[in-house]
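Structures given as structure tokens follow.
Across the two complexes that follow, chain A remains constant while its partner is chain B and subsequently chain C.
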Partner chain A sequence: MTNQTAVLDETMEEIDSPPPARAILSNSFEARSPELPAWFREQQQMAWTKFGSLPYPNRKDQPWRFSNVKALDLSGYNFGAPLSQSERDEILERSSGLHQVAGRLIFADDQLLRRDPLPQELLAAGVLLKPLERAIVEHEDLFRRHFMAQPATLGSAKFAALHEAFVTSGTFVYVPRGVEVELPIEIFHWLHGENASVFPHTLLIADELAKVTVIEHFQSAHSDRAGFACGVNDLVVGRGAKLNYVCTQNWNQKALAIQINSTSVERDASAKSLNVHLGGAYSRFESLSRLTGEGARSDLLAVSVADNAQEFDARTLQDHASPHTTSDLLYKNALTDRARNTFGGLIRVEPHAHFTDAYQTVRNLLLSDDAEANSMPGLEILADNVKCSHGATSGQLGENEMFYLLSRGIPASVAKQLLVSGFLNEVVDRLDHPAITGHIHELIEAKFARR
Partner chain B sequence: MVKETSPLEIERNVGNFAYPETHTHDAGVGLSEKTIHYIADIKEDPDWVREFRLNAYKTFMSKPMPTHWASKDLEAIVFDNIRYYLSGGVQPKRNWEDVPDDVKRTFERLGIPEQERKFLAGVEAQFDSEAVYSNIKKAVGEQGVIFVGSREGLKDHPEIFRKWFGKVIPTGDNKFSALNSAVFSGGSFIYVPPGVKVKHPLQAYFRINAENFGQFERTLIICDEGAELTYMEGCTAPKFNTATLHSAVVELVALKGAKIQYITVQNWSSNVFNLVTKRGLAHEDAEVKWIDCNIGSRLTMKYPGVIMKGRRARGEVLSIALAGDGQHQDTGAKMVHAADETTSNIISKSISIGEGRATYRGLVQIPKHLKNCKNNTECDALLINSTSRTDTYPAITVRGTGNSVQHEASVSQVSAEQIFYMQQRGLTKAQAMSLSVNGFVNDLVRQFPMEYSVELKRLIELEMEGSVG
Partner chain C sequence: MNQLSIEDLRVSIAEQEIIRGLSLTMPKGEVHAIMGPNGSGKSTLAKVIAGHPDYKVISGTIEMDGENIMELEPDERSRKGLFLAFQYPSEIPGVTIANFLRAAVQARLPEGEELEATDYYAKLYEKMDLLEMDRSFTSRSVNEGFSGGEKKRNEILQLAMLQPKYAVLDETDSGLDIDALKVVAHGVNAMRGPDIGILVITHYQRLLDYIIPDHVHVMVQGRIVRSGGKELALELEEKGYERYETADVGEPAMA
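The block that comes next holds the complex of A and B.
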């Protein structure tokens, strides 16, 4: 395979102006960025081989049950062309998230458009906020130790390999021992070109007793361009540290999105994640939360609003590997039109992880006759003295609540929206961060307004 | 300690005895088309049944083992080592006196004739591949109730049974339903005419006596409009060192307004693979209720289902599983809603003891454009020891705005305070544990017929005594 690549390189040189956007799938591998260190490019080559050797998902496999695997056709996507200055300016103009942030990175089609550095006192305290490609070189040890350290076990090993093969940029955050970053760190990833693909990666390390909040925004520059996003996040929460992670997934409705997140929470640490799923034609989200030390706690929150023929597919694993750990999952989904939602979640309490508290709640709100919700809440308990429960419900808006609002002169459409917002807000408000929850409410309302 | 566990051993192993084999018909070891023909010849199957068997054999061969989702333990089944048909003749006796002596002694030890006299409307006793005894009380027979084996049912009453045979559970439903369809023998075919409410339960008792054997009974119960029936099955086998396979197919058809209650107390020995497909079809206003109690076997995979085909049909599964050392009870329920205003209820309670593993696997489906369908699912698991394991894997699909589904599951331990409280009042720890566990399943057990609930309570009591310490 390596020889073939060399041959291909030669033929490429003969072409005067190489095609602006290279297809992501080809017969041979070529690293996207020659600037990355050789060891990493080698790793990418291996990941590419792995991608090729793993089978495409099949609905008969439990991790893909109910999922529309036909949507996973990657043949049409390319790496996107360099953006012109005016395109960059326009995207920067539209990258509005939170008013106050500690630092900000903005990417479009995997190209870094802008970097708002951290304030001086955080830099002095040793906090790092860097593009991933620089961290690979400058913090090789930390990078090697944590980059995709958790294998993707929830079904998307093939796509994790694809991500590893093609990741060229992303965000590296490191918060040293005892340092608290008050304001959120903000990251934007845009899909821009026709059929462009992005491979966003966020590697986030909160060292002992550190505190940090990170918010990511996934958006499309054009509503009518297809695109493919294949992201991986590694969130590492050290002893006693506290991490809040928020992602607003708002790709356009032609995008195909796969996001694979893994969080490891060490002793006495706590992680809270909130994922808001609004965009994508098909959006698959895998979230692994591994509790590795006593006293660790993980809160997994998510909401989704699906309309038209959107499909959301979420798979989660709350993996209790140590005694005296707690996890709490709350996912709420509102569906209308012909939208589909699948939730497959598992609480796994490993042997000896006694005195575990683990909860999992999924609520689906079906707003149309063609909407479909599939729930597979699972438990695997191999330890003793655990408190575990899960609940899944699917239902519709309450008649009494609707009647109450209508009888007070509120039009049906507004009443409906109020009730759906109320249904979702229970999750969003658990983040307990007014600036971010305010932003999320706006996004959800904007989605309703588009209808 | 040893003394304390000894009554338990006796109870668990109530069926652990075997008599020498005296079979006159033996299809030999392994499965091929020849085996199928052998069985069809002995049974003098009509041509269409033979054809049905041969097609099923092909389906069985073409289907893979479901190990991508199910327990890898299935790989321990060697289909070539199993004997698929053993009997002393195809015609069951109508009188206990006519049953061969050692077979009679077997069932007397299990208390079957006694139960028949006491509270049953009819009994069928199957020994390896065929029923050796089958009788229905005269008064019940006179009401037009048909209670025969699968061979007689298909041969003598094709106009009733052929219509539904293999319709609720198609041959290709899964690998084991295909296997059963190829080599089925024994089981009950029951028809209850319109409006007839059978007061006392009909019972079938399934006994495996031979080693390396596979039992493949086939049961089809049809309750005509407004009819009602309770059917109970029990089963035991001696414990051999080799694997025994039990793979039944049970189809229930409840026509308009009919009610079927099907009760199983499964107490196979711990070398039995119990891989059973059970499903009921409920028409308008009909009700199918499965009461499923799994105590024995090495691996049980059984998910009784109800397809609610008519308006206001109702399905219910009440399930109790007790998994001890070396056991995996992979049980659950399937509820398929196919008409408006259908309701279903699943209550599953499992207890894992020692290294036992109890799994709940469920499926609830409410497809498009149905109105006012409701499902309620509750799964509670109790873990007794730190090495015990429990899993819950439900799959729920709902479409549309008119329906509601709720699923809840919890996992807990016997409360230390409860045990303390009881011990403080002079109970031994074992007694306290058993009381507590009985309390856990009590609301379900109360729904069982009296004779079974008493039996079940005793089994739990004895099981608990061995697990404390």
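The block that comes next holds the complex of A and C.
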């Protein structure tokens, strides 16, 4: 008996002291996961070479104008060690998002911790919710057709290559023709280890007339550990389909984050995305929405709340490739302390894309004298009969509004929070999904409560 | 000392003196009306009582139940029992009436005590019924896209919810048609009683047909130039303010 116990203890120790985490930058490429198919690992090798050949961003490049490119130092980050059972349990415990979901995947440091499968009727209808590495093998055609199909053209080609080189897991969702998934699909990505990096990938494909809502939560397990997130999501919306995508980016304030989105919307389809940016020391978000079929519509929504020295950097392209298409971008940012926000956005209406409606509105609310917002809206219209508008404004809290709330006995700090939430709500409420908007309101309130 | 008393108040904005030695006492349980022509300083008085930061108080005191409130922030004044119904209520996009009022009611609870949601909504709906407001109002953003009548009703709803000791109603009749005026007056009259003093500021007599004051004060060029009973309102309606304006009110006598 005594002997057996000793053997068990030894095994436990082995699990508790994993090998040191590998640095992400090295002289030679080594695939992170030997389990991935050979063709994909070759693709990763090529991506690594591409990453090495592309220059680091420079502030003189238009796509990086006003950006703090110094924040992009990747030395020091590693791939994160395997999590112990107790660490996994703790993270699972803390992964609380929506009360009702169709299915859920939870990752920490790119390791899949848990998978709540879809209900039987959705599986029977052919809906797929799978870890990416399984989809690569089991649905190779779909995967190859849509995985990073649109090149990253908004500045982060280098980081897109890095992502491709190191992506090992993520989420693959496919909703077949005519199938509606009523409840949201939920995904968590956690940063856990000291200096850990994650490469979250989400590939969503809504086939013709399908309907689906997906929400991703990005969170840090520790408030004081640095980390690097380099994520990509591809949203593919087939004919007449309807896709809602929500991302709540709530990394800690030591994280460096780059998120690259590409959305393609086919004929009569509609895509609505809402990105909530709360965390990160420097967080860059690139979003490219391409309207490829007549009658397609894309709503690009985002809010951010920045404090301390946080920096949010958003670059967007609303690309109208077909006639009678609509895009509507509304970004609202609240900034305080020494926080910075940069927005660079372009509406491009291609030559034959007549009768296009395209809107782009950016509003910055500056809550301190030292906060800084730079917005660069842009238009490139090569078609006729186009309705376009774009505008960016920055302002402070209205004195009259503030006095009105104070005169009702609401303390100044609460009044300020109400006004800021109200300012952001115009965007959040456009999602028209009470469970998700309720969750987002809680996250925003929690950020205020921490101040 | 259960009264709102203003003593020799002088207020300026951008170097111009707008209230020039005004004194007024309103005991709790009474309704007083201040009537005056445009530019007499009525709205300035309302805002100064509430503590608006844009106005510079040169001298004088405002006391509520014997406590000087001049040094208090607007939110502190409100929590102590003061209420201002605005002539032009602000629009607060993205903040629902339910959340706004909840924050105001919550602010009156002792530290650490959470508002009981069912009680809150029961009270809110009761007051809304009184003001003939549809329940859907609660989920609308405060005053955003409201008609004039809806805005004023919303002011009176807040008055009813917060149950202040003293309320100042600044031109509450402006922007109201006769139907809306009656509803608003009904809401104010329902509040009347020994526990509240109400100061009605108005340009016209018509509101006072529906909210009958105990006392009427005439305000001209930053001062109360005459006080009397409710019949004074009728006299003003008939004869106008001219005779007060033409009189040389000059510099107020120093106390």
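In the analysis below, the second predicted complex is superposed on the first by the 432 of 451 C-alpha atoms of A that agree within 3 Å, B and C clash if a C-alpha of one lies under 4 Å from a C-alpha of the other, contacts with A are read in each partner's own complex, and residues count from 1 in each chain.
FYI, contacts are C-beta pairs under 8 Å (C-beta built on N, C-alpha and C of every residue); 3 or more make two chains touch, one makes a residue touch a chain.
Everything quoted here is computed from the prediction, not taken from an experiment.
Peer 1: After aligning the two structures on chain A, examine chain B and chain C and state clash or fit.
Peer 2: Verdict on chain A: chain B and chain C fit.
Peer 1: Can A:D429 be said to touch chain B (first), chain C (second), both, or neither?
Peer 2: second
Peer 1: Touch check for A:F79: first (chain B), second (chain C), both, or neither?
Peer 2: It touches nothing on chain B or chain C.
Peer 1: Quick one: classify A:S407 as touching chain B (first), chain C (second), both or neither.
Peer 2: After superposition on chain A, A:S407 lies in contact with chain C alone.
Peer 1: Between chain B (first) and chain C (second), which does A:N374 come into contact with in this model arrangement: first, second, both, or neither?
Peer 2: Only chain B; A:N374 stays clear of chain C.
Peer 1: Counting touched residues of chain A, say whether chain B or chain C comes out ahead.
Peer 2: Tallying touched residues of chain A, the top partner is B.
Peer 1: Which holds for A:Y245: it touches chain B only (first), chain C only (second), both, or neither?
Peer 2: neither
Peer 1: Is A:Y174 contacted by the first partner chain B, the second partner chain C, both or neither?
Peer 2: A:Y174: touches no partner chain.
Peer 1: Using the superposition on chain A described above, determine whether A:L419 touches chain B (first), chain C (second), both, or neither.
Peer 2: In the superposition, A:L419 touches chain C alone.
Peer 1: In the superposed arrangement, which partner chain does A:F29 touch: chain B (first), chain C (second), both, or neither?
Peer 2: In the superposition, A:F29 contacts neither chain B nor chain C.
Peer 1: How far apart, in Å, are the nearest Cα atoms of chain B and chain C after the overlay?
Peer 2: Shortest inter-chain C-alpha distance (chain B to chain C): 15 Å.
Peer 1: Please name which positions on chain B make contact with chain A in the complex.
Peer 2: 68-69, 368-369, 381, 383, 385-413
Peer 1: Would you tell me which residues of chain C are touching chain A in their complex?
Peer 2: Touching chain A: residues 50-54, 73-75, 77-79, 83-84, 86, 89-95, 99-100, 103-104, 107-108, 141, 158, 162 of chain C.
Peer 1: Which of the residues in chain A come into contact with chain B in the complex?
Peer 2: Its residues touching chain B are 60-62, 65-66, 351-352, 354, 364, 366-396.
Peer 1: Of all residues in chain A, which touch chain C in the complex?
Peer 2: 398-401, 403-412, 414-415, 418-419, 421-426, 429
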